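Chain IDs A, B and C follow the sequence of writing; residue 1 opens each chain.
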Amino acid sequence: MISDITLGQFFPGYSPIHKLDPRTKIILATAFIVAVFMANNPVSFLLLTLGALVLVAVSRLSFKVVFKGIKPIILILLFTALINVFMTSGEGTPLFELGIIKIYTEGIVRAVFMAVRVVILIIGTSVLLTYTTSPISLTDGIESLLSPLKKIGVPVHTFAMMMSIALRFIPTLVEETEKIMNAQKSRGADFTSGSLVNRAKALIPLLIPLFVSSFKRAEELATAMECRCYRGDKNRTKLVKLEYKGRDILWFLIFAAALAILILTTVLPYNLDISGQIYEIVFYQI
Amino acid sequence: MNDYIIKTESLNFVYDDEDSDIVKQATSPALSDVSLSIKRGEYVAILGHNGSGKSTFAKLLNMILTPTSGKIYIDGVDITSESFSEDDMFDIRRKIGMVFQNPDNQLVATVVEEDVAFGPENLGLPREEIRRRVNSALSVVGMTDYARHAPHKLSGGQKQRIAIAGILAMKPDIIIFDESTAMLDPMGRRDIVAIMERLNREEGITILNITHYMEEAARADRVVVINDGRVVLDGSARDVFSEVSYLHSIGLEAPQGNELIDELRSAGLDISGDGLTPDEATETLFKFLSRKN
Amino acid sequence: MNSILELKDVSYVYSKGTPFEKVALDKVNIAFEKGKITGLIGHTGSGKSTLVGLLNGLNKPTEGTVFLDGVDIWEKPKEISRVRYRVGLVMQYPEYQLFDETVREDIAFAPKNLGLDDVEIEARVRDAASFAGIGEELLDKSPFDLSGGQKRRAAIAGIIAMRPDVLVLDEPAAGLDPRGRSEILGSLRKYADDSSASVILVSHSMEDMAHYCDNVVVMADGRIHSSGTVDEIFSVAEKLSKIGLDVPSVSKIVSALAARGIDLKGKLYTVEGVKDAILEYIKEVNK
């Protein structure tokens, strides 16, 4: 079911992360991404994983929900991991050899790092941003961070509004898609079999009604917004005014410290060889 | 203060061929020569079948459409005058709140309270005031517990209550319900009608309920029937719904009590009295039948 | 009994095995008869929408079996689309399913999927359109240029064109005015009679049940609350108001009169029926 996908969804709540200023979260998420790409050895990855788990715990989201968010990308992840395993050549003797296929420790290490990196990246950013930040406050945050651009004539508010409306209507459209699919299936439409061309053709009875109803929705929504006195950002105030509070500063400090430690670990005298050996030890023990 | 909060004089709305926007034509049929005066605090139902022009009327009132000719006064102010500015228009829209048919297509935000805040935010109110209004609006519609919920997970009736709260937060004088119950189940419909009536009685808000459900219209103080863009009946619910055969001729119905009494009369019985509500119909029939005894 | 579609111990559980698990249907047993209109009534959340999705195989029961003409519809899951042709489902607000260039083409969508030849398709489109009250002149228009009520009828025609043995309609009159409602609901009897099909009408309106149906199935909390002929169900109308369903106002008038000593007899749930009952009552008294 499409509606099972949790990635990109917002889970309202009152955890410390929910309460943070969206700008703080955007900045922290950026820092987190930087950290993920800086990590290059088991210790730094361990730290990152730990950090991500702490974030999940603090956000009071259930781990189940968070891992469900990763589910849709598992296939891609496995595929890229496999490519990494097979395509990476290393020094020394291969771990496994069959004809032209040679698997080196380095390949496995690289694949594992890559997978961990992507998973941590998704967990960290979605816990910091999408899961805990209402799309509206997320766009508020982006709008506020980008507001300097208004001075050079970039319609920041318009973009932010467009984005938040898009986010608001994603669940509605998903629901609608399922409904139309069921209606056309009831008329004998087949979305799952046949040649590629036929399948593309089969989408027409789905896409046209979806477009038509989206236009109608857009028109009705525009009218409703006008009726609620919407006139762009002219003279507009906000229920939630963005203000950095004590907790934001605290989180900045914690993150700065964590980042510093992480950077330290990346310059520790580890290299692939040693980490490879660590993995070998682990493998043999299994 | 003006006695009539809404007053229209020979209002016409037609499409010139040049400007025939197909979508708009389908959603806003023409109106001709509509002169209506609605008092402050009245509870009025506007009844008509689909395509009768009843929704066009509402869209003219809050300036989503512009009349071809005729005058509209809101609270004594002529909104059709040339000198009417854009800022004045937003003032009118604040005064006249609109709740539409499809609850999904009028909620902007992904969190209930942020949606309710949308109107007051557009009015440029200070934050504390917005907060106060959001809280009070949510409590009026009984949705305080859902303040931090995502609207798409609520039922149709609950979404519609949020939409009403969003309008209430702008402190309007008039709320127009444009077929707001058409997509709801009976329970949701009852909820919304109950809220309408409470807003009218307790907050003194003028209510216009545009509907094709006669059970709803029968509850209003005054019923205006629109057919083919014209006002064809205007009076108390009692008077309007006693015209059973006329209502049938324009594709509408009357409450079953009225229909029953009307049928009995056509069968030759000389019944006096009304049947607007089941209780009233029972009373009328009981009197008639026990006299027979 | 001449039943065509039958549910045996059917249960349906949403999100089974997750914290969101919800039993929507709990061991439901019903049979739908040929040539009869069966009303399905219940609150939102009573399980009736879930039930509708099980009838034509859009969803598979978690437990239990749906029999069509005595055959388990899930016997060959790959051929489930054949079931969908025989159990026509008109979903709520079906007008959103319109997509083709002309009304004619749109109604022909299902017959084409059925693999029928052009002559047969044309015949079916005509029949279906006339059943649903779509005039010849509308067939070459774009479906998007029709009025709301016409769109609804065109969508219904798109299902009728499959000539289903069972026609299921989920709230077909939702949002329509009285005229639109009676146009659509009134055409159902003809379909049930002419094709000796079983028609299943899902509605919130007790008045529609009283007016258009032969049998009524009342659902509450994922179970069958009660079922029987319209006469049987409405003779215990008070039982229905207990689970929060609206009894037609004429029935309320009848029970209020009974409480005051005036006992009417007959079909006491439509205006017509009560009128006859009152006329009959007067005759009796005058004797």
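Convention: a contact is a pair of C-beta atoms (placed from the backbone, for glycine too) under 8 Å apart; a residue touches a chain by one contact, two chains touch by 3 or more.
None of these values were measured; they are calculated from a predicted model.
Remark: among chain pairs B-C and A-C, B-C carries the greater number of C-beta contacts. Chain centres computed from CA atoms place A at the largest separation from chain C. Mean C-alpha positions place chain A and chain C at a centre distance of 44 Å. Chain centres here are Cα means. That of chain B falls 30 Å from that of chain C.
Looking at chain C, one finds that none of its residues touch two or more other chains. Of all residues in chain A, those touching chain B in their complex are 10, 12-14, 134-137, 164-165, 167-168, 171-172, 175, 216-217, 219-221, 223-231, 235-241.
Residues of chain B that touch chain C in their complex: 22, 26, 49-51, 101, 155, 179, 182-183, 185-188, 212, 214, 251-253, 255-257, 259-260, 263-264, 267, 269, 275, 278-279, 281-282, 285-286, 289-290, 292-293. Contact residues of chain B toward chain A in the complex are 23, 59, 62, 64, 90, 93-94, 97-98, 100, 102, 104-111, 113-114, 117-127, 130-131, 134, 148-150, 152, 166-167, 170. Within the complex formed with chain C, the chain A residues making contact are 64, 176, 179-180, 182-190, 204-205, 208-209, 212-213. In the complex of the two chains, the chain C residues touching chain A come out as 19, 53, 56, 58, 81, 84-85, 88-89, 91, 94, 96-100, 109-110, 113-114, 144, 158-159, 162.
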